[in-house]
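Shared between the two complexes below is subunit A, which pairs with subunit B and subunit C, respectively.
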Partner chain A sequence: MPQLLGVFEQPDHIAAAAKRLRDRGYTDMETFSPSPFPEVDDAVDEKPSGVRLFTLIGGLVGVCTGYALTLWMANDWQIMLGGKPFSSIPPYTIIAFELTILFGGLMTVLGLFLKGGLPSMKLHAAYSKRFSAEDFGLVVECRDRDVPEIDGLMRAHHATEVSLVEG
Partner chain B sequence: MSSSTILSANPRELPAALVAVCGVLVAIGLVALVVGVSADPATTWRAFHVNFLYFGILSQAALCLAAALVIVGARWAGPIRHVAEGLAAWVPVSLVLFVVGNYFGREYIHTNWLHGAPPGKEAWLSFGRVFWTDLVVLLIATGLTLAFLRTSFRPTLHGAAERATRAKGLFESWTANWRGEEVEWEESGRRLRVLAPIVCLVYAFGFTFVAFDQVMSLEPTWFSNIFGWYFLWGGFLSAVAATALVSVLLKATSPGWDVEITRDRMHDLGKMVFAFSIFWMYLFFAQYIVIWYGNLPEETQFFQARLGSQFLQDTWLWSSDRLQEPYVKLSLAAWVGCWITPFWVLLGQRPKKTPAILGSVSAIVLLGFWLERNALVWPSLVPDDGMAWLGPIQLGVSLGFLGAFALVFLVFSRVFPTLPLPKKG
Partner chain C sequence: MTPPPAESVAAMIRPTPVTGDSKANRDILRVMEGGSLGYFALVALSVGAMLAAGGVWIWQVYEGLGIAGYAHPVFWGAYIVTFVFWVGIAHAGTLISAILYLFRAKWRNAINRSAEAMTVFAVLTAAQFLGIHVGRMWKSYFILPYPNQRGLWVNFKSPLLWDTFAITTYATISIVFFYVGLVPDLAIARDRATGWRKVLYSILSLGWQGTSKQWKAHNRTVLHLSGLATPLVLSVHSVVSWDFAMSIVPGWHATIFAPYFVAGAIFSGFAMVLTMMIPVRRIFGLEEYITNYHFENMSRFLLLTSIIVGYAYLAEYFIAWYGMVEPEQTSFWKRAFGPYWISTWVMILCNGVFPQLLWFKKLRTNIPFLFVLSMLINVGMWFERYVIIITGLSREYDPAVWGIYTPSWPELVIVAGSFGFFCQFFLLFLKVFPVVAIAEVKELEIHAKAHGGSH
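Presenting the complex of A and B:
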C-alpha cells in the first residue's frame, strides 16, 4: 500500500491535519516532530499510552514487595527496637513507598522500550533530517484510490509539500 | 478579542445578588462576634483565630502561587495568575484581623503560656515578642503583596482612569508617570521577577514564625521543627484549590472565562492539587513517623490530643472504640478532605479535566483544610471536649469570614481586569 508524506511547519497545522485524517477513517499514521508536542500525539491517537499499565503493575508489585520484605525480615531475624513489635506498619510504609516508586519507575522505562519498539536501528523510510531540525512530517498509509483525497486534505491544512514515500 | 481589549482594564458592576449574600454572611459574622464576645469570649476569640489563620494563610499562599508562576515563567496559566492575585487581596485585611484577634483575644488564644511559659521558654513565649515578631512579618508581607499586585496590574490599567466611574483616584495614582504600553509591560515583567522570589522567601521563612507562634505554641511544651513547613504547605495547597475552584466557577458564570479555562488548564490545575496533596501527606508523615518512633511524651502529646491513642499504638490494628477519644473524628475528616479525596478522585486524567469534579474536589480540599486548622488549634486549648470547635458562635464567625473574604475578592476582581495576561512577559 502506498504511503503519503506531508511536510508541515507548525505543530497545530500537523495536529489539525492528523485529526481530520483520523476522522475520515485513516488510522495508520506516523508523525515526525523535532520536539514533543502533546497536541500532535493526541491528534494521531487519543487513547492513553499503554506504558501506564507497566507503571501500575510495577507500583503494585513494589508496595507489596516493600511490606512483605520488611515484615518477613523483621520476623525472621528478630531484633527488639524501642519496644515496638516486630510487625510494625508505620516504619515499613517508608520502604513500601520507596519500592513503589523504584519498581514503578523501572517498569515505566521497560514499558517505554517494549511499547516503543526500542531500540530501533532502522529509520523509517519517510524520515528525513529536517524532521529533527524544524519541520514536521505526517505519514499516512492508504489505498491507491485515496491518494488524491489525502493529498488535497494535507495541502488544505498548510502542508508545504506532499509526496509518495519511496520503497 | 483584539489585543487592546484583552490588555485594558474592564471595571464592571458588582453582581448584586452575590454581594447581597456576602453582606448577609458578614452580618451573621458580626452578630456572632458581638454576641459571642459578651456571652462566651473564649470560644469566640478561638474561632476568630482559626479563621484568621485559615483565610490569612490561604491568601498569602495565593500570592505565592502567582509568584511561583512568575518565577518559572509559566505560559500555560494565562489569566489563572490573576485569579490567584485576586485571592491575595485579602492580605491587608488579614493584617488588621491579626492585630484585633491577638490583642483583644490574647487571654483566650495564648491561654497556655500568657501567664507563665514553660521553664526555659520564658523569653521566647512572651506576649511582646510574639506579637511584634508576627506583626513585623505580616507588615512586610502586606507591603510586598501590595507592591506585587500594583506591579502586576499597572500595565493593564492604561486609560482606566479616564473610563472609570468609580475609584478614579486609585487608577490615577496606580498609573502615574505612564511611559507607554510596551515599556510598562516590560518593566512590570522585570519587577515581578525580582519581587516574586522575595514573596516566596518571606512566606517560607517569615510565616514559619507565624506558624510557630500562633499555632504550635498554643501547646507550649510541644515543638517540631518541620511544623512551619507542614502548616504553610497546607496553606499553599488550599490556595491552589481555591484558585481551581474560583476558575471553574468563573468558567461556568462569567463571559470570557469559558474560553480561557480550557480542558488543558483544568488538567494542569488538577495536577497541581493532586501532586501537592501528596506532598502535604508526605510532610505530615515525615513529622509523624519520627514522633511515633521516638515515643517521647513531650512529642507524642500533640498526636495524642488529635488522633487519639489509635495512631500511637505499636501497630495500626483498628479499634473502633478509639474513635470516641476527643478530636479523632475531626482529624480523620480533615485527612479525608486534605489527602484521601484529592488523591483518589484526581488520580485519573478525565476527572481533572471535568469542571464539576475538579470544582467539587477543590471545595472538599478547602473544607478539609478548614477542619485541619480547627484540629490544629482547638485540641491545644480545649483538650477534653472534642466538639468545642463546632457551635453556633463558631459557625457564625466562620460564615462572617467567608462572606468578607468573598466580598473582597469580588470587589478586587471587578475593579481590576482579570482577563487575561499578555502572551509574552
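Presenting the complex of A and C:
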C-alpha cells in the first residue's frame, strides 16, 4: 500500500491535518516532529502514554524492596545498637525512599523504551533530516484510490509539499 | 531582450525550500566542531591535574593514609570536605532540570543540559573521594549489602549506609535524566554528522525520529523523572548532612543541618554553573541562547540561597548560645575566634555577605561581576564544609584531646586534581554532546515563528 508524506511548517497545521485524516478513517499514520508539541502527538492518538504505569510499578516494587531488604537483613544478622529494636522503621524508610526513586526512575526509562519503540534499528523510509530541523512530517498509509483525497486534504491544511514515500 | 534561463524562472515561481537545517541546530552543533589551541591547553591542564592527583593517590595506596594530614582527633579531613563539596555542586543540575521543569519555568532550557552534565560529573568526582578517604579502597564494596559466606549484612541504621544508597541512586537517576534529555538532540546530531560521530550518535540516539509515540513517551518520562528527582535532590544532601547530624559532635548535632545543607548545595551548584557557563557562552558565542536574563535568574537563586545559608549560620550561633550547652558554645566560639578563624570568616564573607550585592539589578546583570562572585562562592562553600568538619572534630568535649589538623600536600594535590577530573569531563562534553537542549529551544522558536510569521 502506498504511503503519502506531507510536510508542514507549523504544529497546529499538522495537528489539524492529522485530526481531519483520522476523522476520515485514515488511522494508519505517523508524525515526525523536531520538538515536543503535545497537540501534534494528541492528534494522532489522544490516549495518554502508558509510561505512567511503569513508574508506578517501579516505585511500588522499590518501596517494598527497601523495607523487605532492611528488615530481613537486620533480623538475619542481628546487631544490637544502642538498645534500639532490630526492626527500626525510621532509618529503613530512608533506604525504602531511595529505592522507590531508583526503581521508579529505571522503570520509567524502561517504559520510554517499550512505549516509544526504542531502540529501533531502522529509521522510517519517509524520515529525513529536515524533520530534525524545523519541519513536521505526516505519513499516511492508504489505498491507491485514496491518494488524491489525502493529497488535497494535506494541501488544504497548509502542507508545503506532499509526496509518495518510496521503498 | 533574452529571456532568463528556465531554472531561474522556476526558482521565482517556487523558491527552492531551505530544508534540512535550522539556525538553532547550526549554532549549537557548531560548539562541537574542532577545537582551538586554548581548548586543548585547558584539556592538557585538566588531565595533568588529574594525573598528578592519580599519582599521589597511588602513592597513598602504597604508603597508607599516613601521608594525609590526619592527626588525632581529626580523622575526617580534606577528602570528606571535598566529597561534600562536589555532592553539593551536583545539586544545581537536577534542580534546574526537575524542579524548574515542574514549575514550568521556560528559561531553564538554555542551561539545563550543561547543568545536568555538571551534575553527572560532580557526582562522579564526589564518588572518587569515598574510595580515596577510606584508604583501603579495595574493600569499599564492604558497604554494599551482598551475600557472603560469613552471613554478615550491613548496618542499615548507619547514616553512612543511607549515604551509599542516596549517592548511588542520585548518580544513577542523574545519568538517566541526562541521557533521556539528550536522545532527541543526539538524533539531530546523527542526521548531520559524518564519520565516527555518525556511528556514535546513531547508536546513542537509539533510532529516535520524533514520532508522536516517541514524543508522548518522552514527555511522560521527563515529567515522571522530574517528579522522582525533585524529592531525590532534596534528600541527597539531607542524607549527607545526617552523616554529621546523627553524631554527637558539638557543632554537628543539629536539626537545622538538612535544610541548611540543601540550601548550601543549591547555592554552590548555581555558582558552579555560572563559573562554567560564563566562559563557555563567551567562547562559543552562545549569547543568543544563554542570555543575561538566564544569568540574572540564576543570580536571584544565588541571592535566595545565600540568605538561607546566612540565616543558618546565624541560627547555629544563636542556638549554641541559647542552648547553654558548654561544649557547643565552646565549639562555636573556637570556630569564629579559634585556630580556624580564617576559614570561618572566608565562609561568612563569601557565602553570607558578598552575595547580598545581588540585591542590585546592575550587579545581577554585570557578567564579569557574576563570574568573580561565583568563584568566591565556590571558595566559600569549600570552606564552609572545611569549617563544619574540621573545627567540629578538633574541638570536641574534652580539651585534653583537642588537636589541630592541617591538610598535607598530598591531600591538597588530590583536592586540586578533583577539579581537573571534573573539568576534563566537562570539556569532553562540550565537544561530544550538544551543550544546549536544541529540541527544547527550538520549541520556543517554532512557536514564535507560528505566531509572528506571515500566515
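Basically, the second predicted complex is superposed on the first by the 164 of 167 C-alpha atoms of A that agree within 3 Å, B and C clash if a C-alpha of one lies under 4 Å from a C-alpha of the other, contacts with A are read in each partner's own complex, and residues count from 1 in each chain.
We adopt the following convention: a residue touches a chain if its C-beta (ideal position, glycine included) is under 8 Å from a C-beta of that chain, and two chains touch if they have at least 3 such contacts.
Since this is a predicted model, take the numbers as computed values, not measurements.
With both structures placed on the common chain, the touch criterion links A:85 to subunit B but leaves subunit C unconnected. By the document's definition of touching, of the two partners only subunit C reaches A:49; subunit B does not.
Taking subunit A as the reference chain, the count of touched residues is higher for C when subunit B and subunit C are set side by side. Of the two partner chains placed by the overlay, only subunit C lies in contact with A:134; subunit B stays clear of it. When the two structures are aligned on the shared chain, A:94 is found in touch with subunit B and with subunit C. On subunit A, the surface touched by subunit B in one complex and the surface touched by subunit C in the other have residues 48, 84, 88, 91, 94 in common. Interface of subunit C with subunit A (complex): residues 17, 19-22, 25, 145, 151-157, 161-162, 165-166, 168-169, 172-173, 176-177, 180, 183-184, 187-188, 191-192, 206-221, 224-225, 228-229, 231-232, 235, 239, 439-440, 442-443, 445-447, 449-450, 453, 455. On the side of subunit A, the complex with subunit C involves touching residues 9-12, 30-38, 40-41, 43-45, 48-52, 55, 59, 69-70, 73-74, 76-77, 79, 81, 84, 88, 91-92, 94-95, 97-99, 101-102, 104-106, 108-109, 111-113, 115-124, 127-135, 158, 160-161. Interface of subunit A with subunit B (complex): residues 48, 82-85, 87-91, 93-94. The part of subunit B that touches subunit A in the complex is made up of residues 285, 288-289, 292-295, 314-316, 349.
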